[in-house]
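Here it is, the structure, as structure tokens.
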Amino acid sequence: MTGHSPTEMMVVAGARAMAGTRVCFVGIGLPNIAVALAQRTVAPAIELIYESGVYGARPSRLPLSIGDPCLVTGATAAMGMLELFQYYLQRGLVDLGFLGAAQLDRYGNVNTTVIGPYDAPRTRLPGSGGASEIAQNAREVFVLMRQSRRSFVPRVDFVTSSGRGLSRVITDLGEFAHRDGELTLTHLHPGVDVDQVREATGWPLSVAADLAESAPPTDAELRLLREELDPDRTYLR
Amino acid sequence: MTGHSPTEMMVVAGARAMAGTRVCFVGIGLPNIAVALAQRTVAPAIELIYESGVYGARPSRLPLSIGDPCLVTGATAAMGMLELFQYYLQRGLVDLGFLGAAQLDRYGNVNTTVIGPYDAPRTRLPGSGGASEIAQNAREVFVLMRQSRRSFVPRVDFVTSSGRGLSRVITDLGEFAHRDGELTLTHLHPGVDVDQVREATGWPLSVAADLAESAPPTDAELRLLREELDPDRTYLR
Amino acid sequence: MSKVVTMAEAVAAYVPDGATVAIEGFTHLISFAAGHEVIRQRRRDLTLCRLTPDVVYDQMVGAGVARKLVFSWLGNPGVGSLHAIRRAVESGALEIEEYSHFGMVGRYAAGAANLPFYPLRSYLDSDLPAVNPALRTVRSPYDGEEIHVVPPLRPDVTIVHAQRADRDGNTQVWGLLGCQKEAAFAAAHVVVVAEEVVDPQVIRADPNRTLIPGLVVDAVVHCPRGAHPSFAQGHYDRDNAFYLAWDAVSRDPARLAAWLDEWVYGTADHAGYLDRLGADRWTGLTPGPARSGTVDYGDYR
Amino acid sequence: MSKVVTMAEAVAAYVPDGATVAIEGFTHLISFAAGHEVIRQRRRDLTLCRLTPDVVYDQMVGAGVARKLVFSWLGNPGVGSLHAIRRAVESGALEIEEYSHFGMVGRYAAGAANLPFYPLRSYLDSDLPAVNPALRTVRSPYDGEEIHVVPPLRPDVTIVHAQRADRDGNTQVWGLLGCQKEAAFAAAHVVVVAEEVVDPQVIRADPNRTLIPGLVVDAVVHCPRGAHPSFAQGHYDRDNAFYLAWDAVSRDPARLAAWLDEWVYGTADHAGYLDRLGADRWTGLTPGPARSGTVDYGDYR
């Protein structure tokens, strides 16, 4: 396969980060394709939970949303949302919450609510959805998002969900881990340098002493993404 | 049909008391047969709820208990007990809770827990079951029980459920209504006189000014009880 | 005894001006047909409740039926923003009251169970309680732990779309169940909109499948394909082209008004909407079969 | 990956001396086979939890496995008392902790949902809170109303009987569902005892029917008729003659001991118990068919 896009690298890195995960709560947007790739590569036995009320999904196609009917057909269990939030998430059965985000700060706080003041928003974003409870109840949380000074801000305008449980952020430039209370760059994607990341980060960037380079997507990963999972570029646009 | 037993009269009176009831929560024991008779006579459209998790039962035989499989087959809904207690009973959808009791006092307090002190019981009874929540959440409560000085006591040894919601008590001797804060005799069954009731009541009996006599069981009622509903005398023993 | 009425009758009877209305369904079984009828009848000042104000609420807000929105996630799933709602929120024309999904589900559950509050583990270190004073805490009398609570939500009417119901409103749903059960039990009135109105024996043959009993249902509307462009598990798929196309319509108030004129005001009812949509629209939206299998309840005599 | 083990293995692994054990099932699907194996392995000092300590707990208490009973209704349903338990309670040999049914269900629900308490409307003017200090109140931060609460119940192990499960423990039940789901999610370990161990595809063909996911299940025991003398909807009826006959056995400690010798200690396992029971016993206990019908989930590709 020739080359790869930053989005493809981000999705591949997101999928690889799920190696060893048993139960993943899949959030809205990009996590869906990363999870689909993980299920076909590093985490064949992963169990997928969706806030729409599905446990143990085996989607026969790439879901268009977290409420796609293909998530139900062939799943282990479909239930009301109250049961899912209470007996799976709040009960502590979720190993990993895998979320997207609009805005994120140095401390891992996530904002998906508003840009600007709450009562007079510059931009009204979707809001919490399940993010607030996922952040509090999943054993750990990963965020997958494109990185820029607009999205990586010193202090989020609104804390939709706290950074407390956020352990890893995977972007189109690299990877961050939560270390000593702040997000620290641990991996650079191939072809990206630290200055580029610094440029796209709205706070004084902390870089890990053991900074590593992500392995580029393999041909097999790219083929799965491009030919099997998302030939219509629903997520990879 | 020749004659009738006091138990038959009690069950018939219990059934008739359900005329007009839409939703009845059926307790353990004698209420089962009274409800079965009511469903075939005065209350054909009555909806039956059982704490075992059934709404809209249409039992094809007389249930041996409130957890009989015949209550599920052909019912409108079968669910977990949490749903039943929360969304039906506590939600206020139950018009009538129809219960049995071991001991009852002047104020309608019911004891199904212990005779004697709680920590050193003379007799350990079954306990609350659903009675405590039924008494609090059903719009009204009827009790069906055999009457004696042992069961009709001045003050129950233990208040399993409060008499607050209890509106009617039907016994093998007559019927009582909750009036001015105490149980008042309103009906005598045929062949019973007030002295007999007074003798079987452990407190100074209050008798309604409009004391009436219950109509005796009809042939149709007795035939249903003896031939269709309880030919084995499970409840009518 | 039958509760079967037309959608126009159901909306006229149970959705008065100023009512608190929940058209629930999490991506699945969203009663667009009911939303359109509310628009057709030109209701005003509604408080619209829903976890995920979807395209149907964007249409309703765009048509001017709403005064307030109670919600937890505001977007066109998989596409982007709901522009009519966003305009109304950003301009201050639409009041909002905001929770998380679990919080909204808990609110319906408290309403359904007649509880004064519902406890849940969420909102820790979140700014949501600062902007929504209805998010409070209770201290456990056992270990002293503080836990967040939400207040009951009791809609004046909840409207749900279902795969099947009988004429008394006994309703069965399969696939994603969302919070329709809780929203129905919580409401003062319930309207069930069904793909199929079936014989009561179909319901009674599988009592564990019953989601909502007729006991809490006021009206049953027979409305096949009434969830379009959302989906009905086993009946039809989501019409994703509609969701994608809605983005451009919703961005432009004039286009939105024209859309409403053509598809809602310009159609007498959902049958008219379906006629305009055309039969070809369903090509590719119909799934193959995947039957559940049966279980045996046993005949006990 | 299979979790299928023998009952002896499951009990040896998950029911240690001193454990808090819930064998749940409301009249339906009571795992007598598990109770008998606990007796056979001569466990001691167990805390037995169950809404309705049925004949199986009477047998277990009679055999001396229990130190404490947590319950809400103590009787032989439709027959009378559980005499072994009643003797132990009246003599003070068995500690008790007592709730109402809703209270017990709420306790499991709090355990399952990881809540510090569960609120419910019960116990008003009842003497139960006076004898059980675990029954407390919480004040609503909305309207100031006081409501009773119960604390979470988290068994060390919950054992449930089911009509079917796959080898990973994904479990489906129909008919009365009791509080098995809550009791399973609340527990540290779960043992599922199944009439049938089925292919995972049977479960996945009807995901809405799944009561307990394998995620919380540690062991699966294949044990047809393991709920005798209670019933399994669609499989067999309650053996009422057994319940009636138990009254006389349970009244007399010597007869109870002889019964345990013959039917529990004297049988190697549930197959041995069934052999002794004989095939004729099932005459009249087998219901006719009453199939649920199917629903279509749709094949979406």
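First chain written, first letter: the chains are A, B, C and D, and each begins at residue 1.
As a convention for this text, contacts are C-beta pairs under 8 Å (C-beta built on N, C-alpha and C of every residue); 3 or more make two chains touch, one makes a residue touch a chain.
None of these values were measured; they are calculated from a predicted model.
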Checklist entry - Can you name the chains that touch subunit B as well as subunit D? => result C
Checklist outcome for this item: Comparing A-D with A-C, the busier interface by C-beta pairs is A-C
Checklist outcome for this item: Matching interface for B-D, options A-C, B-C or A-D, criterion over half of contact pairs identical, gives A-C
Checklist outcome for this item: With centres defined as the mean of Cα atoms, the chain at greatest distance from subunit D is chain A
Item to check | Inter-chain centre distance, subunit A versus subunit C - centres from mean C-alpha coordinates, in Å | outcome: 28
Checklist entry - If you average the CA atoms of subunit A and of subunit B, how many Å lie between those two points? => result 58
Checklist entry - So, what's the distance in Å between the C-alpha centres of subunit D and subunit A? => result 41
Checklist entry - How many angstrom between the C-alpha centroids of subunit D and subunit C? => result 37
Checklist entry - Residues of subunit A touching 2+ other chains? => result 54, 68-69, 72-74, 78-79, 86, 90
Checklist entry - Which subunit C residues reach two or more other chains? => result 109, 114-115, 121, 174-175, 177, 181-182, 205, 208, 233, 237, 287, 290, 297-301
Checklist entry - Pairs of chains that touch, anyone? => result A-C, A-D, B-C, B-D, C-D
Item to check | Footprint of subunit B on subunit C - complex, ascending | outcome: 109, 112-115, 170, 181-182, 185, 203-205, 207-208, 210, 213-216, 297-301
Item to check | subunit D to subunit C touching residues, read off their complex | outcome: 114-117, 119, 121, 136-143, 145, 147, 149, 151, 163, 172, 174-175, 177, 202, 205-206, 208-209, 233-235, 237, 287-301
Next on the checklist: If we count contacts the way the header does, which residues on subunit A are in touch with subunit D in the complex?
Outcome noted: 23, 47, 54-56, 58, 60-61, 68-70, 72-79, 83, 86-88, 90-93
Checklist entry - Mind pulling up the subunit A residues that touch subunit C in the complex? => result 28-29, 51-54, 64-69, 72-74, 78-82, 85-86, 89-90, 109, 113, 118-121, 123-133, 135-137, 158-162, 164, 234
Checklist outcome for this item: Note: in the complex, subunit D contacts subunit B through residues 26-28, 51-52, 71-75, 77-78, 81, 86, 89-90, 92, 98-103, 105-106, 109, 120-128, 131, 174-182, 231, 233, 237-238, 240, 287, 290
